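What follows is subunit A paired twice: with subunit B in the first complex and subunit C in the second.
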Partner chain A sequence: MSTSTAVRQPRMKLKKTTGDQLFSLALIAPTLLVTIVFIIVPVIDSVIKSFTEYKIKNIISGAPGVWNNFENYIKLFQGGKLWPAVAHTLLFVVGVVVAQFVLGMALAVILNTGLKGARFIRSVMMMPWVVPTIISALVWMWIFQPQYGLLKYAVGVFTGGAVSDFAILNDPGTALLGVAIAALWKQVPLTTLLLLSGLQNVPDDMLEAATIDGASRSKKFFAIVIPYMKSVISIVVSMAIIENFKQFPLIWTMTGGGPSESTTTLAILSYREAFVSNNLGSGAAVTTLWMLLMILVVALYRKLFQAEDMN
Partner chain B sequence: MKRVLALVLALCLALSLAACGGGNSTSQPSGSTAGGSSSAADAVLSEEITIKFANYALLEDGYTEFWEGVKSGFETQYPNITIEWVTAPYGEITNQVINMAGGGDMVDIMFGELDWIPTLEDAGLTVPVTSVLTEEYLADFYPSVLDSCRVNGEIYGLPMYISPFILYYNKDLFEQAGLDPNTPPTTYDEMLTMAESLSKLTTADGNPVYPFGQTTASVAVSGAALTGMVYNFGGTVLDENGQLATGNQGFKDAFTMLHTLDQKGYNPQNSKLKDLRQLFATGQLAMYYDQSWGFNGVSSINPDAASFTASAPALKGGSGNGASILQGQVLLYMDNGDLQREACRLLTEYMLTEDVLVDYITNITPAYPAKQSMANMELNPVLQGAASSIDNLSSAPFVAAQADLNLELCTLAQAVTVSGTDVDTAIASFEQTASGMLG
Partner chain C sequence: MKEKNLPLSVGKWVLLAVILFFLLFPLYWVLVTSFKTNMEAYRATPTFFPDAPTVESYIKLFTENNDFFVYYKNNFIVSGVTALITTCLAILAGYGLSRFHFKWNGLVVAILLSSQMFPVVSRMISLYDLMNKMNLINTLPGLILALTAAMLPFTVMLMSSFFDGVPTAVEEAAYVDGASRLAVLWKIVVPLVKPGMLAVGIYSFLMTWDDYLHCITLIQNDALRTMSAGVAMRYLGELSYDWSLINTISIIGTVPMLLLFFFFQKYMVKGLVAGAVKG
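So, the complex of A and B:
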């Protein structure tokens, strides 16, 4: 009896911190795996392909792309399509994000005033957000249709018949605006909802104190509400920048990048290179530049808009 | 206990991700020629075979019944052969087929557009139809029809039925404008003269009537329609070697005509074919170019359209003779071995008969037959006026970047219309972009 007790080895025990670290690592492993397999590897693969001649036949045969001395990039920079696409992308992103924020904030403030029926409005307002993007595009194409569309009719009525040929998507000067209106219709509801939740977290006592001190409404809004909402605003605007940078189905369905390529953004250019020209290497080159531009814009925005901890 | 549970969940998630991978067995292509070996010809009648048939039309209203009828009729005739549909929406079916092939699962046969041939040939997916069908069988097809499916001298698609771009016109509107409804224009100049009278019409609810419609919106089929218009004027877009050949008067005349039509407000700007069909069906468009099966879209909007619609061959312009290019819906074949190709041969020969096709191309998707032996079959009455178009076809060469080239043609058309760029400048810009695209 005493002999068997003497032979028994002491159980090896990890230090508590080491155990916790291993446990954390085990928990985070699936997320890491997903990120590596579905994000990091495809991004690296795409960047590598952007330096090669890679076409559909490579997919079919399994043959790797052939290094082509930066030809995809050289063609892009010399082809005359890249810079207009960059300009259209930035114009679309900046325009939609600013309008989206202003409209979303205005609606959130209105809904936060205890308006009668606010809950009902909030529910109905979310409808555009749940409609699939392609359906939204088709609805807006119908509204903008130049011969029998609702907008043409409305413009005719409001101008007393003076303007009878208003066709927003047919004019290279207004087509991007037409797509932007459709994008706003779809995206403003979620922005409003997120900003509303931020508004509801602004402490009432601060606002009451400011009221007692005689602060005006605008002073309270800009000096208390906005600073308290900085973290929410930061997330909402970052999401909007990314969403509009990668906007493809709305533009492709509504205009196909036309007329006269006035709505050809980097998303459209990338699709055309990869899946219309069937030049996947060139499409990957556009995507790489597009990704770099998006990282740059988001980083710049984050730098300019660093959230402060109001607590 | 909580920690153990969390670890188990994490492990499950990781394992399920790992299980996402997988592969398919790759079929072994045979590379042999039409008719296959005699053993394959015998085996196809006895062995259990499944033909994978990629077909977007299954998902479209009005076409399902025909295709399901083909399946049941064929499987009744050949009980050992089963058709397995591979479907995706129209715009996605080529990517679906390519992705499947990339994963080692290649379909045997595909129903698609003529314009898809260069993409699939360049991808190395399709095989020449001569490796599936015999020379004797192919001899029954109009030579110009088969020529329109050639890439590098080989025929890569077999048209089930065909149509050039034809002119649909509204007889009622012609009458209202004081024109003879039985005498459509034959040249662009005649059309412009008639358009003057037609442009003065309005619909019952006061909307203007457009005299003439040519699609110019940014979709690939609009580029094909514009190519057809260039050929009407005796011009070309590509030469036989697939190089840009736009330095001809016909090419310039075609886009000058679009500019003229736009200046006069005759052509609805930046329209897709479906927009033109809508306008035509509702009496807001007097004439327009479309594929024959476009009438299906018109009659789905206005079931009475047949009462006022007639067709005519494409117009002659400049020094051209009104030649048009072929549009067709084709069968494309992939090589999964002798037995599969032999089964595809039987399926093709079953489908492309008057018995199977007559109702489909007369009533469901109005079109002209591709086979000479079916020349006397009943046509949709609306198509009678343009029947002679079949004898005035030109074969437009294909390039792998055909769809992108077609979109560039749309951009050129938009430049001379909605952007107001002068024709020479717009053509110079097009040539610069297109030559970079063609390499």
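So, the complex of A and C:
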């Protein structure tokens, strides 16, 4: 009897660890399965497809794509569409992310000053974030509408009637700005919310000590608040970069990539190649380059952020 | 905090007013337009409050354009089921990642985090083919599965941060009493993370209500479309837009989400902050 309990003790222990392992695997397995089948495999498969001649007829007949010696890529680099799309994407991402951060930070700082009604304002200002993207597009398309839009009227009034045909989305020079305004409108609230929660975690005693030492407001903000919020800022900005890189429905609904390709980002170009021209291989080549660019930008951003941390 | 600085505080209020105007006025404008006739909406000098408020567009939407409600119903089904499945899977995986620390955790987290970054178009190019082979193209279950996959990475990380906040002492006591692992999770831990479940469920509902790209690529049958795709296909891109109707659609399409958000905002705000900071 005594030997059997002595043997049982370690066996129980072993059983507990293996049991835990099996249990934890069982818990994770469904999520992992769904993620791998519907995200990882499709993404890898589309990278593979980007090296093949793969069109809508392949889907209908079920025939696999045929290796075509980088032809999708060669055509993209030789055609005139890729570089403008890269430029529009970067312009859109950088512009929206910077404006989003500045506006969000301004609003968060104001709401954090112990303002009366700050809680109410915080919940009301989240409304645009809840509005579905397609509807945000419609909201701004109505304001920007070339004949009856409010913006056209406002510009007319402010210029004393000198500019009476302002149509932001119909002019290649301003269309991207128009879409960016709609993107900002939808994204500023969440940025504000997250930055505000970061601000609330900055310890008051540090700020008070600095005030006693006679530090100015801006000095306190840049020397204490910003460094303290570094991790929140880094997350908020990375999220915004990824979100805006991926932006599709807003642009597609508002301008469809026009006028004269002026709002064709990589998202629009890839969708158009794949599902409008029905050349899925070429579309996949665009998304592959797009992913590379996104990884590059995020990595560069992280590196800059860390480099600044060193100082 | 009591420093008096007049120009600064005036500046603060002006800036606050400008930002709030930018965020809130467009919604007011849509609401007002939805109660105008097209005649009034198209006036050269816009009216900031309808001269003759009318529910004409609402009646028109309910009677003549009731295809919209087919999309609406589909969206409720798709978002509801997706939210339900996502919440269940996120509870399991979140608990697994939070409580058990094995060597594969790092890999799982890396897979989930990178999944959030991939462009949807890239997935769709292959998913179209894959769903076709699995006979899931043009079906709501196919759309639901694809959307669940898109929701899981963020929600699992979010759920696991909620589990991190639950002390393990209660669970250990239950194990000593001889409870099984599943019983401990189900009867003891899950009731403690109800706020997390709500945050995950509502987040998934809101995000899938917003879906456009999954639906336009995976669904071609008009009767199965969800709201964003249906509205874009049916009411936009025609020669002339019926703006009163479109603004009415905007209101009807947004109101349930606003109610949901305001009703559960306590959980949502906490959840968004926790999820973003952890993920």
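What we mean here is this: the second predicted complex is superposed on the first by the 271 of 311 C-alpha atoms of A that agree within 3 Å, B and C clash if a C-alpha of one lies under 4 Å from a C-alpha of the other, contacts with A are read in each partner's own complex, and residues count from 1 in each chain.
Here is the rule we use: a contact is a pair of C-beta atoms (placed from the backbone, for glycine too) under 8 Å apart; a residue touches a chain by one contact, two chains touch by 3 or more.
All of these numbers come straight from a predicted model, not from anything done at the bench.
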- [ ] Check subunit A with both subunit B and subunit C modelled on it and let me know: fit or clash.
- [x] clash
Open item on the list: With both structures fitted on chain A, tell me whether subunit B or subunit C touches more of subunit A's residues.
Closed with: C
TODO: Considering only touches as defined above, state whether A:Ala108 meets subunit B (first), subunit C (second), both or neither.
DONE: neither
Open item on the list: Per the contact definition in the header, classify A:Ala284: touching subunit B only (first), subunit C only (second), both, or neither.
Closed with: second
- [ ] Applying the touch criterion given at the start, work out whether A:Lys75 contacts subunit B, subunit C, both or neither, answering first, second, both or neither.
- [x] first
Task: Contacts of A:Pro128 with subunit B and subunit C, given as first, second, both or neither - done: second
TODO: Using the superposition on chain A described above, determine whether A:Asp45 touches subunit B (first), subunit C (second), both, or neither.
DONE: second
TODO: May I ask you to decide whether A:Ser61 touches subunit B, subunit C, both, or neither, giving the answer as first, second, both or neither?
DONE: first
TODO: Figure out whether A:Thr255 sits in contact with subunit B (first) or subunit C (second), or with both, or with neither.
DONE: first
Open item on the list: Per the contact definition in the header, classify A:Leu176: touching subunit B only (first), subunit C only (second), both, or neither.
Closed with: neither
- [ ] Using the touch definition from the top, say if A:Trp142 reaches subunit B (first), subunit C (second), both or neither.
- [x] second
Open item on the list: From the superposed pair, tell me which subunit A residues show up as contacts to subunit B and also as contacts to subunit C.
Closed with: 23, 26-27, 30, 34, 37, 59, 62, 145, 147-148, 275
Task: subunit A residues within the subunit B interface of the complex - done: 23, 26-27, 29-30, 33-34, 37, 55-57, 59-62, 75, 78-81, 145-148, 167, 169-172, 255-261, 272, 275-279
Task: Footprint of subunit C on subunit A - complex, ascending - done: 19-21, 23-28, 30-32, 34-43, 45-47, 49, 58-59, 62, 103, 106-107, 110, 113-115, 121, 123-128, 130-135, 138-140, 142-143, 145, 147-148, 150, 153, 185, 188-190, 193-194, 197, 217, 231-232, 235-236, 239, 242, 245-246, 248-249, 252-253, 267, 270-271, 274-275, 280, 283-284, 287-288, 290-291, 294-295, 298
Task: subunit A-facing residues of subunit C, complex - done: 1, 8, 12, 15-16, 19-20, 22-24, 26-27, 29-30, 33, 41-46, 89-90, 92-93, 95-97, 99-100, 102, 104, 108, 111-112, 115-130, 132-133, 145-146, 148-150, 152-153, 156, 181-182, 206, 209-210, 212-213, 217, 227-228, 231-232, 236, 243, 246-247, 249-250, 253-254, 257-258, 261-262, 265, 269, 272-273, 276-277, 279
- [ ] Flag every residue of subunit B that touches subunit A in the complex, lowest number first.
- [x] 3, 6-7, 10-11, 13-14, 17, 95, 98-99, 101-102, 119, 122-125, 207, 217-220, 268-270, 275, 278-279, 282, 284, 400-401, 403-404, 407, 410-411, 414-415, 418-419, 421, 432-433, 436-437
